[in-house]
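Okay, so chain A shows up in both of these, paired with chain B first and chain C after.
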Partner chain A sequence: MTGTIIGFGKISGQGLRVGALGAATLALALSSSTAAFADDAKFDPNASITIGSLYEPQNLDNTAGAGQGINEAFNGNVYEALFTLTDAGDVQPGLVAEQSVSDDGLTYTFKLRPGVTFHSGDPLTAADVKYSIERVTSEQSKSSRKKSLATIGAIETPDDQTVVVKLSARSISLPYNLSYVWIVNDAAKDLNASEDGTGPYRLDEWRRGSSLALTRNDKYWGTAPTNGEVVFQYFTDATALNNALLTGAVDIITSVQSPDSIAQFKDNPDFTVTAGQSTTKELLAFNDRVAPFDNVKVRKAIARAIDDKKLLTSIWGEYGTLIGSFVPPTDPWYVDLTAVDAYDVESAKALLKEAGFADGFSFKLDTPNYDPHPIVAQFIQSELAKVNIKVEINVITANEWYTKVYKAHDFQATLQEHVNHRDIVFYGNPDFYWGYNNPGVVDLIKASEAAANTDEQTAKLKEANTIIAEDAASNWLYLYPQIVVSSSAVAGYPVNGLNSQFFAFGIKKSEQ
Partner chain B sequence: MLFVLLRLLPGDPANALLSVGADAVQIEKAREQVGSNLPLWQQFLRFAGSLARFDLGTSFVSGKPVIEEIAARLTVTVPLALMGFVLAILIAVPLGILSAVKADRWYGGLISTVSQLGIAIPVFWVGILLVTVFAVTFRLFPSGGFPRRGWQNEGQALYALALPVMTIGLVMGASLLRYVRSATQDVLGSDYLRTARALGASFPEALIRHGIRNGAVPIVSILGIELATTLLGAVVVERVFALPGLGSMLLLAIEQRDYPNVQGVLFISTLLVLMIGFTADLTQRLIDPRLRERAVGGNA
Partner chain C sequence: MSPVETSVSTQKRRHSLALTVGLLLVGINLAVALLTLFWTPYDPLNASGGRLEAPSLLHWLGTDRLGRDLLTQLMIGARTALLVGTGAVAIGAAIGVSLGVVAAFATRLADDVMAATLDILIAFPTLLLAMLVVAASDSASLWTAILALGLAISAIVARLTRILAKRVLRQDYIVASRTSGTSWAGVVFRHVLPNIWPTLSVNFALQFGLAVIAEASLSYLGLGAPPPNASWGRLLQEAQGTVYTAPIGAIAPGIALVALVIGMNLLADGLRDIADPTRGRSR
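Showing the complex of A and B:
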């Protein structure tokens, strides 16, 4: 559990999980983004849905270091944004009714949806929107998303229903980036412990350490939720959470983290298991600045010496997906690169010889002390022993990882899970912890953000993606599955958990 | 003391507030907010000053007053520990006496053997076992969690605590039983009991009139220690049963380097332990007049 506090994205509330159904049923998954009942099933419109989760928010404000749990509970449920990232991964208008973009791509004009009110009764105005965006970009903000909004120069509010955002540089991802900016009432006080949003639910009660209850907002401007109340019940122990589902104390588990526990639900008609890919990538990240990892051949040799498939199977069984780069299949710029540096011990040995390491070498692997990293480290140790590379496993805490690896760049190689959606941009930052510096990639990533349209953006990022893979910038071991388990009495929940979101308004519970 | 030890832990509490992408300005702001930018002695003066005003500060992470959160958590931990404690006494005293008095019978031996087993099994294992049997298989009790409205719905709250209380009661009962048994054995071999019987009292009469009172003195001090351990040690049970108690608050606060919360919990726990110790002492004096005389007479 320690790891979930600081682990990549989990500390930050930027945990992005985009999944589809399991590898075998991938095609099917992309066509339906929610688990559904048989059409004729009757549901209780006032049902209370209990959602079991391991991610309790630290506070209720996503600009105050609340963690990924607050996105799960509040995004789309309590707070809405100008744009909505749907469970299928599309960016759609949320509180924006109309938008226009100037030809130079530097001025965005948003017309707000009329007749929207906050839970406190105040009407939504342009001033609220300006306030909300500035809350994220302000100096006090602890939002992980601050950087991606850095191009916002000025926000103007010519009238109550119009917001004009001026950018210092083109930013094709602006609508996407605005999808995680909660629109809050500018008159609201103490957003740490209370809320004032526009969403389909209002906060009923938060019992820290236990549960967070949302109740239907009867004055909601949009489609009313298909249930009356949603209670997030928080657990610290995965077994306790599984037992709660087994005994009917919770209806849904948002994200199953231990593969072993799936077995007890899988062949049981009382439960539904929905499995898919997430955007969480398990990485063996090298410090590309230091020898021997500044040598492309060494990095490629290591990629070829490790049997990713065997590793994935030993950890997740039949779940999860192999990836050949940092981009998961649900990002628009996915290319299947699993063939690049595929498992091949003989060619790994040859490459090492070319690089001048015929007798191998040894390195220290900084390994976070929580699952699955210690197991992965041991696996890598035994795989690399076959090509004469000695791995010294150095177990560290999440907090140490943050200080030593992330901030001080004081490491040779490390393991980390990266949960973010659309995070290939990290490879365009030479100062990032892994120190990958390819000017071609830096330019491509910069150019992609300045693209005039999404096709151009996608083409540039696909190119960058391919270069990264060819360079073996890091070793991408596998993609985690995203597994939601529920009682078979409920349906209509999101299966992809994108951006850690868990939209509850479509959940139906059958009458029993 | 606690204060310094805590600060020696690696990791800045500001880290827990920030995301991985945080820049230097964000980090500095966060350090200012939690006060970790100040020298240690200044941090300590701040802490000691507010403690004197009985102000435990506000949590770094949630921004809520520490005392509020502790109060909410105590409504779970205190009833849990007390009920577990009573159950343990109900199990240990009669069975302990029985197994000492009837040590030569088969059930005397059986009770001691089972209690030995009970001591050997870890708490979480007992908890998981009870959940598997009573919650998952028979659906008699909930497997964990605490009702959202807490004690506003007493029935539900008690229902939620049933298995955790049983877990504590069984484990604590098993270890307590040993003490009761050996105290009873001491009493059985004592001169005063023999004298009482020689003066014509029947065995049960002698045991009840003289034995229990004498045997109870050491037991009470053990009880005090056990109760204190349960209050602090409830963390394991709270985790297994997903209860929002003091133990789980402490655990979370340590993980997050939320020093005000850690200090608050430890401060309140220390207070509770001192109070329990004091009560145990008083009780011993009530039971045993010799202790009172000694206290008054000084060197009796």
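Showing the complex of A and C:
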């Protein structure tokens, strides 16, 4: 099979989108029929693209607890931000034309891109930017990202095109953190049910419980989308969603949750299956505060006793990626650490003996009651039995997990999937549920945020990343794949879906 | 031969057939469950093949995602199902019959209160009651599930016992028996229980079937017996994501579940005809 590369980023004239769509690191491109659909292929510039998703937003405002679905539909499509997180994981300028940072790193000056207008026709001004940032940091905001913008002290608007952000402490991640702050018109009303952004699409119609239609913004300042309309069609059941793609009711499924439902699309030339890299990590998280998991040797022994590769194959078949730490390949500070505490039962036994557990021990594994956790727990139980560790599986609901494990830290070990991008910072917080407390790592993570440039930040986080892996702070089992399935008539969609984004402006549908 | 006789004999034959099939289905389950105490085709906890292998001579029903033999899991599931059914019905019977008999003897007021309480309890579906008990307990286990289902069943049994016992207590021979010096306990054991027993046992068989389904539902939701205890409900849940590629993983435990429940129902049907031979004809 020839590896057809999917993604038509190079057509797009804009630098920031090349990264988003060109992601040539695609693991798979299965359909040979897509070969006919090359750069110069005829595509319908007014095509209507139907995207099937399981994540219907609760409302249309990402500061009002709308859920991940609104990021999927609106980030980059309807609303833009000062910076853009590309599908490859890079941060690129968005509505910012120029930026400068003071020597102490506490003052950021942003010059806005000229000639940008909102969908309502109002021009983009510095006041809109100030309003938009303050909307996220305000007390009423329910944004999950609020805390990471806490260093913002004051926002000044010396003129209509200039925004000055003053920080209380250095924050090298500011551009990244600003990538999920939607720039909205400060005159807009009722953002729960309507929108006023600057993006390449405007909201056409939202039918609660069923669909959300976006239509091309013909006055867009940047490169025009390669399609005329995008409709997000919402489903509550994965099987129904798969059937919708099979019958042609939708063109794309944004994320397939089970490898076995891919089987029906995989060997069919009418469909394209692409496996990107998600940021969702399956973790066996120890409570590092309590014995025996306060002992590094015990944690390392467990990591060596579990055959992650076999587990990944059991759960995801040929998909997914092995990881040696909490950092996925799409984070800038990724280091391949899979060799640290690789699968080796004999050395696991030796380490346990050194730690004083030659005869093993037993522990309770709090297991969320939804797939894949129960089956992962059984695998771990069977693997650890080989080194005399007895695992008692305790099945709990997602709510119990939140109160018992996350809030009360009342657990020995647990299974959980962590979905966030760039979330290694959790290991710099000794009060986090897993209670990993290494002052060296705490300092590195703190210092990385105060770094003068991204190279320094990356170097520090790489170091922290290596230390947590050597400490076996948790046991990182595998990285979920991000699987997008589409009709082979469409191409040019994002494959990694970082932070739930799904940029639609580069999607092309061939002429029928 | 008169037409009436024909119909009666056909019905008799149908009912004895029900009993036979019921006994056969339940008997197979029981035999398999007992067998697993001594022998299973493979180790239930460890992989004995690849991921989702199709049925073959080595693995008659194929393997699950972790490569474990499905037939082995299914056989152990039969043990879990029978254990839950028997345990739940035993608890339900012990509590339910005692409460029912007490209610039948109680003063008017106490009886009314008990009857109303039971009616309220019965208004909740068995599964919902069981879920409440499991949620209130510290951690899910096989025994919590059995206890929860037993408690839910006991309300149904208690109401039935109360009605049946009251009917017996109204009979003239009870008065005669009391006059001749039999104690109330003697009345219960000599007259009430033997008289209501046939109807109760039919009900027990029905409740057994319901308990098996309820346990499967609990396990399906992750509230039943925690892994690695094989339960048909959990097998169904685990097979859900692979139903396209390995449908047998969902079909096999489904059929096993249906077979045992139908078996119990046919058995109840057959038992009822033995207990009350007039009922079939008057229908």
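The definition used in the following text is that the second predicted complex is superposed on the first by the 475 of 512 C-alpha atoms of A that agree within 3 Å, B and C clash if a C-alpha of one lies under 4 Å from a C-alpha of the other, contacts with A are read in each partner's own complex, and residues count from 1 in each chain.
Criterion: a residue touches a chain if its C-beta (ideal position, glycine included) is under 8 Å from a C-beta of that chain, and two chains touch if they have at least 3 such contacts.
Quick caveat, the model's predicted, so the values are computed rather than measured.
Novice: In the superposed model built on chain A, check whether chain B and chain C fit or clash.
Specialist: fit
Novice: Could you tell me if A:382 is touching chain B, chain C, both of them or neither one (first, second, both, neither)?
Specialist: In the superposition, A:382 touches chain C alone.
Novice: Under the stated touch criterion, which partner chain does A:159 make contact with: chain B (first), chain C (second), both, or neither?
Specialist: neither
Novice: Quick one: is A:374 in contact with chain B, with chain C, with both, or with neither? Answer first, second, both or neither.
Specialist: second
Novice: Comparing chain C with chain B, which touches more residues belonging to chain A?
Specialist: B
Novice: Identify the partner contact of A:260: answer first if only chain B is touched, second if only chain C is, both if each is, neither if none is.
Specialist: After superposition on chain A, A:260 lies in contact with chain C alone.
Novice: Tell me the contact category for A:233 with respect to chain B and chain C: first, second, both or neither.
Specialist: first
Novice: Once the structures are superposed on A, label A:443 by its partner contacts, choosing first (chain B), second (chain C), both or neither.
Specialist: In the superposition, A:443 contacts neither chain B nor chain C.
Novice: Per the contact definition in the header, classify A:317: touching chain B only (first), chain C only (second), both, or neither.
Specialist: The answer is second: A:317 touches chain C but not chain B.
Novice: Who does A:397 touch here: chain B (first), chain C (second), both, or neither?
Specialist: In the superposition, A:397 contacts both chain B and chain C.
Novice: Look at A:336 in the shared chain and tell me whether it touches chain B only, chain C only, both, or neither; answer first, second, both or neither.
Specialist: neither
Novice: On the combined arrangement from the superposition, state the nearest Cα-Cα distance between chain B and chain C in Å.
Specialist: 9 Å.
Novice: Identify the residues of chain A that lie in both the chain B contact region and the chain C contact region.
Specialist: 397
Novice: Under the definition above, what is the set of chain A residues touching chain B in their complex?
Specialist: 1-2, 5-6, 8-9, 11-14, 58-59, 64-65, 139-144, 146-147, 192-193, 205, 207-211, 213, 231, 233-237, 239-241, 243-244, 246-247, 249, 397, 399-400, 402-403, 406
Novice: Would you pull the chain C residues touching chain A in the complex into a rising list?
Specialist: By the definition above, chain C touches chain A via 45-47, 51-52, 65-67, 139-140, 221-223, 226-228, 234, 237-238, 240-246.
Novice: What residues of chain A sit close enough to touch chain C in their complex?
Specialist: Listed in rising order, the residues are 257-258, 260-261, 263-264, 313-315, 317, 367, 369-371, 374-375, 377-379, 381-382, 385, 393-397.
Novice: Under the definition above, what is the set of chain B residues touching chain A in their complex?
Specialist: Within the complex, chain B touches chain A at residues 10-12, 15-23, 25-26, 29-30, 61-64, 69, 72-73, 128, 131, 135-136, 139, 142-146, 148, 150, 239-242, 244-245, 248-249, 251-252, 255-257.
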